[in-house]
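Here chain A shows up in two complexes: once beside chain B, once beside chain C.
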Partner chain A sequence: MRPTGVYFENFAAEARVLETRRARLWLVALCILLVALPMLAGPWLLGQLTYAFITLIAVYGLFVTVGMAGQINIAQSAFVGVGAFSAAKLSGLGVPFWLVIPAAALITGAVSVLFALPAARVRGFYLALTTLAAQVMFPIVILALPMSWLGGLVGMPVVSPDLFGLSLGGPRGFYWLALAFAAAATWCAFNLPRSRLGRAMRAVHDNDTAASVMGIPVTRIKIEAFFVGALFAGVAGALTAYFLQFVTVSSFTLFASVWYLGMLIVGGIHSPLGPILGVAFITLIQEGLHAISNALLQSGSNIGGGAVFALSSILLALCILIALIFEPRGLAHLWQTAKTTFRLWPFPRN
Partner chain B sequence: MTPANGSILEARDLCLRFGAVEALRSVSLAVQAGSIHALIGPNGAGKSSLLNCLSGFYRPWSGAVLFQDEDISTARPPMRSTLGIGRTFQGIQTYPSMTARDNILTGFHSRMSGGVFAALFRTPALIRQEEAFTARAEEIIAFLELEQDRHRVVGDMSYGLRKRVDLGRALATDPKILIMDEPMAGMSPEEKGDLARFILDIRDHFGIPVVLVEHDMDVVMDISDRVTVLEFGEVIAEGPPERIADDERVITAYLGAAEVAV
Partner chain C sequence: MITLIQTLIDGAMVGLVYGLVAISFVVIYRASKIINLAQGEVLVFGAFLLWTFTEGSGYAIPLPIALVLTLIACVVFGAVIERTVFRPLIGQSAFTIFMAGVALLILLRGVAQLVWGAQTRSAPAILPEGAIEFGPFLVNTRLLIGAVFTVCLTQALHLFFTRARVGLRLAAVAEDHTTALSLGVSVRQAIAVAWILGTVVATAAAAVLLSGSILSLGVAVIGFKALPVALLGGLESIRGAPLAGLIVGMFEALAATYLDPITNGAASGLLPYLLMIAVLLIRPYGLFGWQRIERL
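Moving on, here comes the complex of A and B:
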């Protein structure tokens, strides 16, 4: 619901994401804060935020495949891995950074199409299994290839990026870089639902039988949903490679794929706002757990890292369950409801 | 094959079986340009099956479907939609998570352009196209009197409104003929009246002929120009509504003895 007094004079204005002047001002303020943050925050916080930005890009990819088109994908982490290894290999071959990122995205997209070709023909449970196969195959393939290709079990080092001689290797430079890509990904994710392709994905998600009769090429749209989701994963992977300056298969596990899905579900799978809220929420929980476990360790308790790992898994499962039972539309919907309630107060909603 | 005889969509000797069930036995049907053609018959008579053969959703075992005198028997549903055969569905088949206007906009899919790049980066070409097609969607919204509901999510709407959105989406495909399967089933008398008015307007203002399945005989008698009666997969009568209402076989087969007595 909009506040009163907001009206539009043409369809382009109506299609804007930020409808009010106040919303636009808030966005500008948020951008200034995020850009200025390296002046205020230490390297630890910057590192955490950088990692959250990269995660956000990967979760946007899932938003497209799972949220928009309704194609379950439990291999997003493998696709991020494809992006990371592509970036490592290309940068090792001396390809400049600004070319590596789009190239890694396209390579990941191409690999995803390979899987989407059979996957677009099956639904639900079988689709889940097909994407699970992609996740399982990823380390097997990398390890089976000759060491000199993708580093095998050892992995590959990645040189830190520089843009036209300007080094982006430090925590500050890389923070800005990740922020820029996360901002671009956010823009893309908010654009997609307002386009022909985005509406076709939604149609396939809601009712693919009706969609096919109404002239929407369903199989093609499903493949494009995987492709676009993998483009995001590829960018996230390439950034991960540069960020860690090293890639190994063990960084891209089924476990990470499930975390990505959890973030999407908790945030809300139907709104591009969902990934932002989900990543923020889950990251905060993870960090909270780390802080608690560190405090426990320091106080001399003998809880190990294994327990923390198990505890965080249980908490994630709980978050997903609570979201699915009480608010399947996620935090994004809670946020919308809260805004509407506030605007209508003291009158009830509906 | 045959000279044009004013029929826009024609079914010739369609046969269709599901296992042992013969849903259609050599059914022929010709829809005249500019007319409302009603299809009636008891449950399981094969009405939906016939419509599904016309829209390409079922493939008949034998027989042919002709659209504007061209054989389209092998064309698949998206192709037929592009050719100009629009349809609405039995029951609710709209996209529940999308708004009314987005539902209607999906009907423009095959006439819009732009792929992944345009969608992600919202190119100027895409913005222009969105504006043009939004304006056209608004024309349909105005015609169907959906202005109040254009931004409502269809899943939250009443049955009658959803059927109207379904109709809007079909109109967006720019049909040369419209196929409607039981558009009024489950509607209140007011909603039926509204929809009947829209169907007449579709014929008169847009010049689009309509084939529809309907159980409410009052509606059929009021709005249709021609009626075909199916029973057990066979055409048992065909003609203008007045004649059908008096046809002995139709009265016994479909309207039932009870209604004759009234």
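Moving on, here comes the complex of A and C:
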């Protein structure tokens, strides 16, 4: 429901993502703030934000596969890993940065199509099991390949990127780079649901038998959903490789996949706003837990790193369960409700 | 030739243990339509409970009493999971229930790590260690007892699900939650029974698998190995699980003996999952599962 006085004179205006001038001004303000942030913030905060941007890109990929098309994917972290290893290998071969990112995305997309092919025969959680197979097989394959190919157990170093002679190695340069990619991913994620492909995915999500009756090629849409989701994952993986300047198998576990899914579910799987809120919320919780455990460590209590990891797992699991049981539409829906309540105050919302 | 047959025997024995874990998947699915990814974690939980009552308690509890205590703890554990996680989700979409299982996976892993710690410890030796000789071949006693146990349990559970009134009711729940509810079947009770049975079977599998060897959080991987077995046997078929376990176990043993030296140890690790994808492509409902007909 829109407030009084907001009306549209043509369809193009009504179809916009940002309907009002005020919303567009807010967006511009947010962009200016984010671009200018390196002038104000220290390297620690910039590093955290950069990592959050990269995670956001991966979660957007999950939003496309899981939220829009309704296909469960618990291998997003393996797909990110494929992107990271492709980027590391390609940059090791001397391929320039601007070519590595799309190449890594395409390689990841191709790998994901391989695991999406059973969509022709199975659906629902059976399909999710093939992604589970992908996630479990990923480290086994990397570790079994010869050391000189993908680094095996040790991992691979990655040189910091430079774009047309401009070094992007420092925390500031890389922050802007990640911000640019996150902004592009955000644009894609907000516009994809309005496209032909996005609407087809939505139909498949709601009822794939009905969708096929309407003439939507269900299998192709499912495979495309995995492909598009993996493109995002590939970009996120390539950025991770450049950001950490080192890739090892141990960063791309089933747990990381669950973290991505948790962020998406807590944020809300049906709205492109969900990934933003979910990533922000879960990152804040994680950092809060780290701060508390650091404080405990300094006060001399004997809490170990293992206990902190266990606690963060438990906390994430509880977040997911609470979201599933009490608010399956996630923080995005709570945000909309809060906005409506604020606008209508002091009148009741319904 | 002797190596080949010995490999097959070992593979078959290990495969029946996979089958036992797969039965715990099947029992939960057959009774509640929940595919529980956290089954490996449930198994580890059961193993830790067993350890707590045998070696961790500090008292010399006799083995039978320790087993009974573990059984009671498993029942309580299964009931708690049903009450807190799955009861509020009755009738929700497959996605929601699947994700609840994923959340449960990391929840149980976290709790186990917090309560018992991440260090490895020796698991209680319940079954006798050793080997029986059949001509030139050796059969591990522990796994042989486990195999016999698996076969007996399979038959008992099969009779329960196809003959007993309660078991037949559970099958209705596996078909569809809403339909079962409208026919007066208590879905809550079904899910509780499913979880209690699943936990007990998983703990039994842990006892057979780990008896006298090492217990750590990493053991949970067995859950992901048993998933292809459950899928191959058919998620609704109790008797399919041990048979599929035999197949997977033998193939895995063959791959470990003959292919691993060539592939740097990857073949036996990858095989169950490649098999799983093949099953999904060729016969998604498994060897003995129910074939579902989709309607608009």
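Just so we're on the same page, the second predicted complex is superposed on the first by the 348 of 350 C-alpha atoms of A that agree within 3 Å, B and C clash if a C-alpha of one lies under 4 Å from a C-alpha of the other, contacts with A are read in each partner's own complex, and residues count from 1 in each chain.
Just so it is clear, a contact is a pair of C-beta atoms (placed from the backbone, for glycine too) under 8 Å apart; a residue touches a chain by one contact, two chains touch by 3 or more.
Only a predicted model underlies this, so the values are computations on that prediction, with no experimental measurement involved.
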{"item": "Which of chain B and chain C A:Leu344 touches, first, second, both or neither", "value": "neither"}
{"item": "Which superposed partner A:Ala210 touches (first chain B, second chain C, both, neither)", "value": "both"}
{"item": "Partner chain in contact with A:Glu224 - chain B first, chain C second, else both or neither", "value": "first"}
{"item": "A:Phe125 touches, of chain B and chain C: first, second, both or neither?", "value": "second"}
{"item": "First, second, both or neither for A:Val6, with chain B first and chain C second", "value": "neither"}
{"item": "Touched partner set for A:Val136, first chain B, second chain C, both or neither", "value": "second"}
{"item": "Touched partner set for A:Leu318, first chain B, second chain C, both or neither", "value": "second"}
{"item": "First (chain B), second (chain C), both or neither touched by A:Leu27", "value": "neither"}
{"item": "Partner chain in contact with A:Arg194 - chain B first, chain C second, else both or neither", "value": "first"}
{"item": "Common interface residues of chain A - those touching chain B in one complex and chain C in the other", "value": "207, 209-210, 213"}
{"item": "Residue numbers on chain C that touch chain A, as the complex places them", "value": "35, 37, 85, 88-89, 92, 94-96, 98-100, 102-107, 109-111, 113-114, 117-118, 224, 227-228, 231, 263-266, 269-270, 273-274, 276-277, 280-282, 284, 294-296"}
{"item": "Touch list for chain B against partner chain A, complex", "value": "55-57, 77-78, 81-82, 87, 89, 93-98, 102, 105-110, 112-116, 118-122, 126-127, 129-131, 134-135, 169-170, 173"}
{"item": "Residue ranges of chain A in contact with chain C within the complex", "value": "66, 70, 72, 74, 115, 117-118, 120-122, 124-130, 132-133, 136-137, 140-141, 143-146, 207, 209-210, 213, 255, 258, 261-262, 265, 306-307, 309-314, 316-318, 320-321, 324-325, 328"}
{"item": "Chain B partner contacts - residues on chain A that touch it in the complex", "value": "10-12, 14-15, 188, 191-192, 194-200, 202-203, 205-207, 209-217, 224, 227-228, 231, 270"}
